[in-house]
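Several structures are given next for inspection.
Next come two complexes built around subunit A: one with subunit B, the other with subunit C.
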Partner chain A sequence: MTTLELQFGGGLEALFSHKKQMEVRVPDESVRTIKDLIEYIRTTLIRERHDMFISQGTLRPGILVLVNDVDWELVDAREYVLKEGDHISFISTLHGG
Partner chain B sequence: MVRACSSCKVDKAAVKRPKTGKAVCKKCFFGLFEDEVHQTIISNKLFSKGERVAIGASGGKDSTVLAYVLSLLNRRHSYGLDLFLLSVDEGISGYRDDSLAAVQRNKVEYGLPLLVVDYKRLYGWTMDQIVQVIGRKSNCTFCGVFRRQALDRGATLLKADKVATGHNADDIAETIFLNFLRGDFPRLSRCVDAVTGRGSELPRVKPFKYTYEKEIVMYAYFKQLDYFATECVYSPNAYRGHARQFLKDLEAKRPSAIVDVIHAAEQFRFPEPGNPDVAMPVQRKCERCSYISSQRLCKACILTDSLNNGTAAQVNRFSTNKFSSNE
Partner chain C sequence: MNGDSNPSINASDVERYSRQLLIPQFGPSGQQKLEKSRVLVVGLGGLGCPAALYLAGAGVGTIGLVDRPNDVVEKSNLHRQLAHSEARIGTNKVASAAIAIQMLNSNVAIEKHESFEPKNAVQLASSYNLVLDCTDNVASRYLVSDACAVTKTPLLSGSAIGTDGQLTFYCKTADSPCYRCIFPKPPPSSCVGSCDSAGVLGPVPGVIGTLQALEAIKFLSCMNLTEDLDRRMLLFDGSTCTFRTVKIRSRVNGCDMCGESSQLEIPAFDYEGFARGGKSIDKKALDVPSHCRITPEEFAEIRRSGSSYKLIDVRPSQEFDMCHLDEAESWPLKSMEQSAGMDRIAEGTGRLIIVCRRGNASQTALRHFLDAGRTNVCDVIGGLQAWHQVIDNNFPLY
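On to the complex of A and B.
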């Protein structure tokens, strides 16, 4: 199992009973990359309004991801291999300002 | 392994900039972000020394970052501006009350005076009451017309010289698409300007015209700015939603798409008002409230009348083209 610290912001927390932070333990054989983590979140953590998180089978464009406070685009994005204790943030940009 | 910042070559890169593709560290990102906003302000002559500027503040990400960055740049570059926060309370319970609480916190944190104007007092109706009468379809039409005028009225109360709004590059690119798709060329030519109503009593300025939404959210995240994010309870605004999704999909493939759309639209030229070939509306004043209008009565007065005399549901049905919104 891998322990991860998840953070949700920019309105996404509404999908997780308004919890902005949570610690999860994920099976390391099936949840190896962020791509797997996104699927894990979709199937086990989100109960409704999946379309706010997923679009056409992948993370909805307009949601930013940071790995230990680094833009995921700098660390292989979906293919990033998760490590014990990683802090992964999902921040939506899709809400009005 | 994370690469080093392409700007200072020292610290660990934290952001991939959508406009340039460059990887920069947090500190350089803050500096570049703030400098680019400063460049937009200077090269478009958004402000003059001594002006009173009302910042349209919703409590959301864009206006929160705008209030923060404008206060910072005003001190750093001695703009000599008097800054104010100006919020509009549409009377939408479960939405605006929470976001206004965020504006109240910004007021304290940034030390800026705040004025809140509300629909109920200005028009006699809250959005909740309007939706009860006209239903959920096209209520954004009423809200858009009312909000624009409410901001102007609030700014007048503050004796402001200008209103600054948090419209970002993504918003502007989206609006360009929308106006294009609607064939609305008066708005198509206006919506890309960093200053609208130059020479009028109350110009509106967009210091974030070239600032990507991604960077605004990253900036707020790294600076831990306090903003409120939720969708308006009435707003699906489906048509804009499609344009937005389309643009986000393009951005995912080629991030410079957003700023490219803006640069393309800056080259559009349309005939001046008075050209007999194309009738551009001529601006005059509303006979009742003296708000700027292209007709005898302004849109807000027409819509308020329709609410008061019970014909709003009908106005609503025919309004989609006439009063589409305020872009």
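On to the complex of A and C.
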């Protein structure tokens, strides 16, 4: 099992009973990369409004993913291999002003 | 007086700007650079008001102001858009902000622009040293960024909603990302909140707009502090009063705007259509027959006539608690769409009238009733907003 700290912001926390952070323990065989983690979140953590998180089988546009406060594009994006204790953030971009 | 300081700052300016001149990294040379600077503030709402006022206070030489041509000051703006005032409700926001800036610092040259659109965005952006994105919608954010990317104009982009805020620097150097580098596709419109619909605590855009001004002042005065928000994004969570700064990617070679093979032509690009592109509301769901829709006048007539009907208000419960018509029953669309709600929907045969805030959610609800085989049901065109405008202006507008 891998222990991860998940963080949600920019309104996405609404999908997780308004919890902005939560610790999860995920099976390391089936949840190896962030891509696997997104599927894990979709199937086990989200109960309604999946369209706020996933569209066309992938993370919906407008969500910034961070690995330990670094843009996932700088660390292999979907293929990033999760490590024990990683902080993975999903931040929805805001448009209001 | 002040014989040793830079001779080109006059005595009155030394007094006015003394507290910032005392900052060693700023000093008289920083002040002179500010006075020669031209900044464009796009959007004079919750972000643009504090940003423009602080820039004016600091003595930025020229401030350009632009907003939607028909955007006027409304009462519901005043809790956060502090450059405006009660007396200027109904006034164009650019004109109203210009008055506030002029009153604060008459040295500032103000340039008022009528609109920021695909046809003039490039020309506008190119005539300023820095642009502040203080807009409130997806289409404008792409347009502002595209114009800055193509003209290589640094862009400080702020946003806020609810108790959350974000701020970053786009297009600052040749390696900096633009907005499209980070967000190549717009979010589905069902995932986009606006301050008008989702609400916002006034100081939240106040914090972000103020920080936009701070970053602008440091950049324009060339303070050369080691870190700025280039390739970093500030995330503000007002609910816990937490600031976080995260590292974001550099310019993306394959970016539709600033990438090497970009073919995007700003004047020809359909920004509104692009922003709506991520639309996830089923278009068919809104396809309700016109005979099932009544005008506010027709509804008023039904009310007056004393004939029997049930009024269902499908807005979220907190909006219902804010204000509702006396006879209305609250049945939020969200709970209607859950399975227990759908079971109840076909019950009864009496006349049903559905109302919401603006006449959109009520159509979706109407569709559900019709699909469930319910007859004798209609919705009010334009919702409670139209009710306020046409029938009863004592009913709150929000």
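Just so it is clear, the second predicted complex is superposed on the first by the 93 of 97 C-alpha atoms of A that agree within 3 Å, B and C clash if a C-alpha of one lies under 4 Å from a C-alpha of the other, contacts with A are read in each partner's own complex, and residues count from 1 in each chain.
Assume a contact is a pair of C-beta atoms (placed from the backbone, for glycine too) under 8 Å apart; a residue touches a chain by one contact, two chains touch by 3 or more.
From a predicted model like this one, the values you see are computed outputs, not experimental measurements.
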Mind checking the superposed model to see whether subunit B and subunit C fit together on subunit A or clash? clash
In the superposed arrangement, does A:K20 touch subunit B (first), subunit C (second), both or neither? second
Touching A:G62, do we find subunit B (first), subunit C (second), both, or neither? both
Between subunit B (first) and subunit C (second), which, if any, makes contact with A:E84: first, second, both or neither? neither
Figure out whether A:V70 sits in contact with subunit B (first) or subunit C (second), or with both, or with neither. both
Which of subunit B and subunit C A:E29 touches, first, second, both or neither: neither
Going by the contact rule set out at the top, does A:D51 touch subunit B (first), subunit C (second), both, or neither? second
Identify the partner contact of A:G9: answer first if only subunit B is touched, second if only subunit C is, both if each is, neither if none is. both
In the combined picture, which part of subunit C sits where subunit B already is, 2-10, 20-28, 326-334 or 380-388? 380-388
Could you pull out which residues of subunit A sit against subunit B in one structure and against subunit C in the other? 9-11, 55, 61-62, 64, 66, 69-71, 73-74, 89, 91-97
Of all residues in subunit C, those that touch subunit A in their complex: 43, 45-48, 134-138, 141, 158-162, 164-166, 182-188, 190-195, 198, 200, 205, 233, 235, 237, 240, 244-249, 252, 278, 280
Subunit A partner contacts - residues on subunit B that touch it in the complex: 2-3, 12-16, 23, 58, 60-65, 166, 168, 170, 213-214, 216-218, 221-222, 227, 229-232, 235, 244-245, 248-249, 251-252
Taking the touch rule as given, give the residues of subunit A at its contact with subunit B in the complex, in rising order. 9-11, 14, 55, 61-62, 64, 66, 69-71, 73-75, 89, 91-97
Where on subunit A does subunit C make contact in their complex? 9-11, 20, 51-52, 55, 60-64, 66, 69-71, 73-74, 89, 91-97
